[in-house]
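Going by the order they are written in, the chains are A, B, C, D, E and F; count residues from 1 in each one.
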């Protein structure tokens, strides 16, 4: 009801509530630059997972994993926005995982793009953008996780698959098929150049499909 | 998907996700007492409200309002459970406000009871209770906010009404119509003995209606 | 020696040092509003209680109970002050429990009113009030705890009584007998409508007696 | 009422409430050593000073000055106790400044000794000491501040004097006239060997007088 | 002098002090598993950079960047150690940047491997390993940053280059040329499949050179 | 490479990296006063000591010992600088212990003076000082630890000596032989007036030697 943009994205059993909050103006150190500002925050509800995890607010500090994912989402979404065309407006993307079953960070990026699109449309309707909406959001961005399980490449791993994967990779692509970010980790070991190629290609393919679904969601 | 009990309660535009998480055993200082343990945690998503509020995890501390409401929910739900019959099991009730429009704490209590009921049923199915389910949850509990606006008593205030209320009261009752907690505040001023009576009676009535809805939800 | 208003209140063995600190000006977000500001902070010395409790400064965070009581004191005292007549001045009420034996929050409210009265008189003497002193502090406020022990209603519970009470209620009233805040909790169970009436009436009576003592203290 | 030892010490307008809290047993890492444990914590009420200072519990961290003084009090009092004769008991000395007018740390040490004496007597009465009381507390300890103002040496500086002092020294001595700790600082500049001698002698003299007052307080 | 393994690595003007600290035993939750434990912590001295940055200890919390890099170093080094052959010993790798000029995280990984090698040799000399040294450290690991600047691929970017790079990639490889981790980011934009290939190959080549230098350092 | 002044000081096996960071301007509350500002921060790398200690950034708070030493360094260095002649510039002295073997705080003070000297020279070269360099840094300052071990006075205690010392004293002197700070503690007991004299004289002597070495370092 309240946010300028919001979407509840589902990747399998994973559910992430992505909202985009707009405020006029930018942080003090950026005033007068003519540039906008975009950040992202990721969090999990305590019982989004199989067993309950303590709240980071109760622990009094944010864990390394949360920080790492928030930064990834922020970088990915900044890749598709022109901060000059946005003008001196700030957008915060909140990605809260209601239910987790693998791929929460890639679901968050994919959903946050749609919420961001709504927020830019809202700003356009309020005539608060410095440029045209199409200049502001000059690309779309989507993300997917890929992995190798028992020698077999797999797209969009669920939690059970993620745990047993030999290699795990997150691929973030634009709608045009270029790469924004690629993060591959040999969870249980190491990976060869050939495996890297397979995973990158599979991830890029997955992002293309997601880009089509994003366009549908925006159009709908 | 994951929690032992969970419910998404709606009071007007207010939406609270209530989950009950069960773990075997109790905190160390309570071991060997034969008694179970029940706590509650309340939180709001940053954009549940009209304007975005900073995450308490980012601020590194929990605010007074959050503490106060978490404690209220915990006290209210402990009033309907027999910790001896529960046996040495721990239950955490998480109430996360996805969208706020007044009455979030009373919605949280009302929803948490249903989630708790499911969790006790789950424990019964696992044969982990010390007593019978009906002994464990020997009462139901529901809560509602009431207020006086321009001299007029109102049930279940939305945010707009809450802001302008002269008096604001939260009433927590059992299904049998007894009181568990009554908190009345003269937000804009003070209130007379007669106004207090009106609000208490209206709140008790509201709780009776909610108790019927809870039974339906549990039965359904 | 230092504060603009200060009082050491004793309720039985309970001793609370209440001070009122005045500063010219208000927090930045309130500047230019013409309104003053009043907050309260409650704390206990580590050995105010039977067994020593760790300092909240050492733990690095304020507990829920402290937050809840500080908020209650602040709300209660704001009910008796006209922030417009106060002008753009800020008052902080510090209530530090030196020795605790039940009823510390109600003692704090009752004592804080007297300290506040002195601080307003000090501001008047300095000619810093926007209105007249009688407009600024247009009501008095006092508080008392009441409870039911073994079916018997009791006024101003000491710690031992508080622990065994079936119902526990804090009543905050103005000198004119109106209610500012009523908080009743079924500590060991629940309470009926009749019991609620008994407690509310007993609390109101207790507040009337305290109001007379406050007037004496101020006059003296 | 509650602590095993407690004293309200006054040095001029300075008032410090010193309590000694005894618990049986020692921290886990010290168990089985046969040695006791003694620590001290110093704090100021927010309005003990001319202008109100924020609570360290609210700021969420303890300042450098508080840390430094707590450590000094702990070291000084450990110099007069035999931890072996104390046996596996723990004592916490809390020194809370109710009103400050210079010399709060030296007043705290001097008062804490008296509170500690009471606590050791209490342990003796409970037959919980490993040695005899006179072995446990084999020395007395007292402290005083001295300074040079406009070339003139002064004993026990009040706040106003402390601010303008050229040199400021805290001297902690045993009842037998030996030194436990000497801390001299050239606040506004530096000091010569001769000035150091003058201050040390004056401080030792002051401690001797305090030792006599401590004996009286204990005897009385 | 003190650590079981330590090395001061220099990549251009970047200087990172890497130490490996060994303690017998593992965290409680891992006891009896027969497995060892390895973690890493990365930090920068406040003036390692062009302008001074505040200490994270003073700010009271660790930033996202620090968390992210500490986690990357830990994952990378765990890829080259067999925790079963290590036995129930814990190793902490501390990587403290004394002077920063780009590539601090890759320098830290490369240096930490050498410190780890020394620590494993120390454990072997103490006969505290469950397996043979060659089984414990069954691979070597090294890391390098690569980037594209003005269309040109570059190896081991200094700070100035890092800032203007279009694409920035960190590549972590084993001595055998397999990949442990690949993280590529389009800092100023996006990158094509061909650019990804160029960077991955260049990074792998750089790691091979570093692996040779590591062998020399260990042998020497 | 980066700091305006920096020095790596060695006292025996103790190694402290001291840097001086200059920023134009002063904290907001000091603006317009015409006075500069100087603070110091002391820290230890986790494995500077025999066994690893946890990072204060990870623990989320700064310990009492760190606070105490940072304050001592700041006070000592402010004794040799004229903040008026410095003009509205701020200098932060960071003293990071890379390897510890006793006397880290006195090494830090002695090294920080040299770094400060370089920073003042840098400011002079930039023509940013309000006064002449010789007015700004009108004294030199150096520090040394002294102690009594088995009745024998010793200069510059290493860690092993420090642990067994009966008395431990830190002496901070100017190049002219005046005292800036004297802190003596009876670690294992107490000390007489005669012992105090011996230690003070020995410390002053040590500082004179260090002052000569500082002049050489600055000249070189």
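The rule is simple: contacts are C-beta pairs under 8 Å (C-beta built on N, C-alpha and C of every residue); 3 or more make two chains touch, one makes a residue touch a chain.
To keep track of the chains, here are their UniProt names: A, B, C, D, E, F = Ribonuclease PH.
Computed from a predicted structure; not experimentally measured.
Chains touching both chain C (Ribonuclease PH) and chain F (Ribonuclease PH): D. Chains touching both chain E (Ribonuclease PH) and chain F (Ribonuclease PH): none. Mostly identical positions are employed by chain A (Ribonuclease PH) and chain E (Ribonuclease PH) in their mutual contact, as over half of the interface residue numbers are shared between these two copies.
Superposing chain D (Ribonuclease PH) on chain F (Ribonuclease PH) by their CA atoms means rotating through 180 degrees, a value rounded to the nearest 5. One finds 57 Å separating the Cα centroids of chain A (Ribonuclease PH) and chain D (Ribonuclease PH).
Put simply, the C-alpha centre of chain A (Ribonuclease PH) and that of chain F (Ribonuclease PH) have 49 angstrom between them.
Residue positions of chain D (Ribonuclease PH) touching 2 or more other chains, listed in rising order: 60-62.
Chain order round the ring, anchored at chain B (Ribonuclease PH) and oriented towards chain C (Ribonuclease PH), is B, C, D, F, E, A. For chain E (Ribonuclease PH) in complex with chain A (Ribonuclease PH), the residues that touch the partner chain are 61-65, 67-68, 70-71, 75, 79, 139, 174, 178-186, 189-193, 196, 200, 204. Residues 1-3, 6, 13, 17, 19, 21, 23, 41, 43, 45-52, 55-58, 60-62, 66, 92, 94, 96, 98-99, 101 of chain F (Ribonuclease PH) touch chain E (Ribonuclease PH) in their complex.
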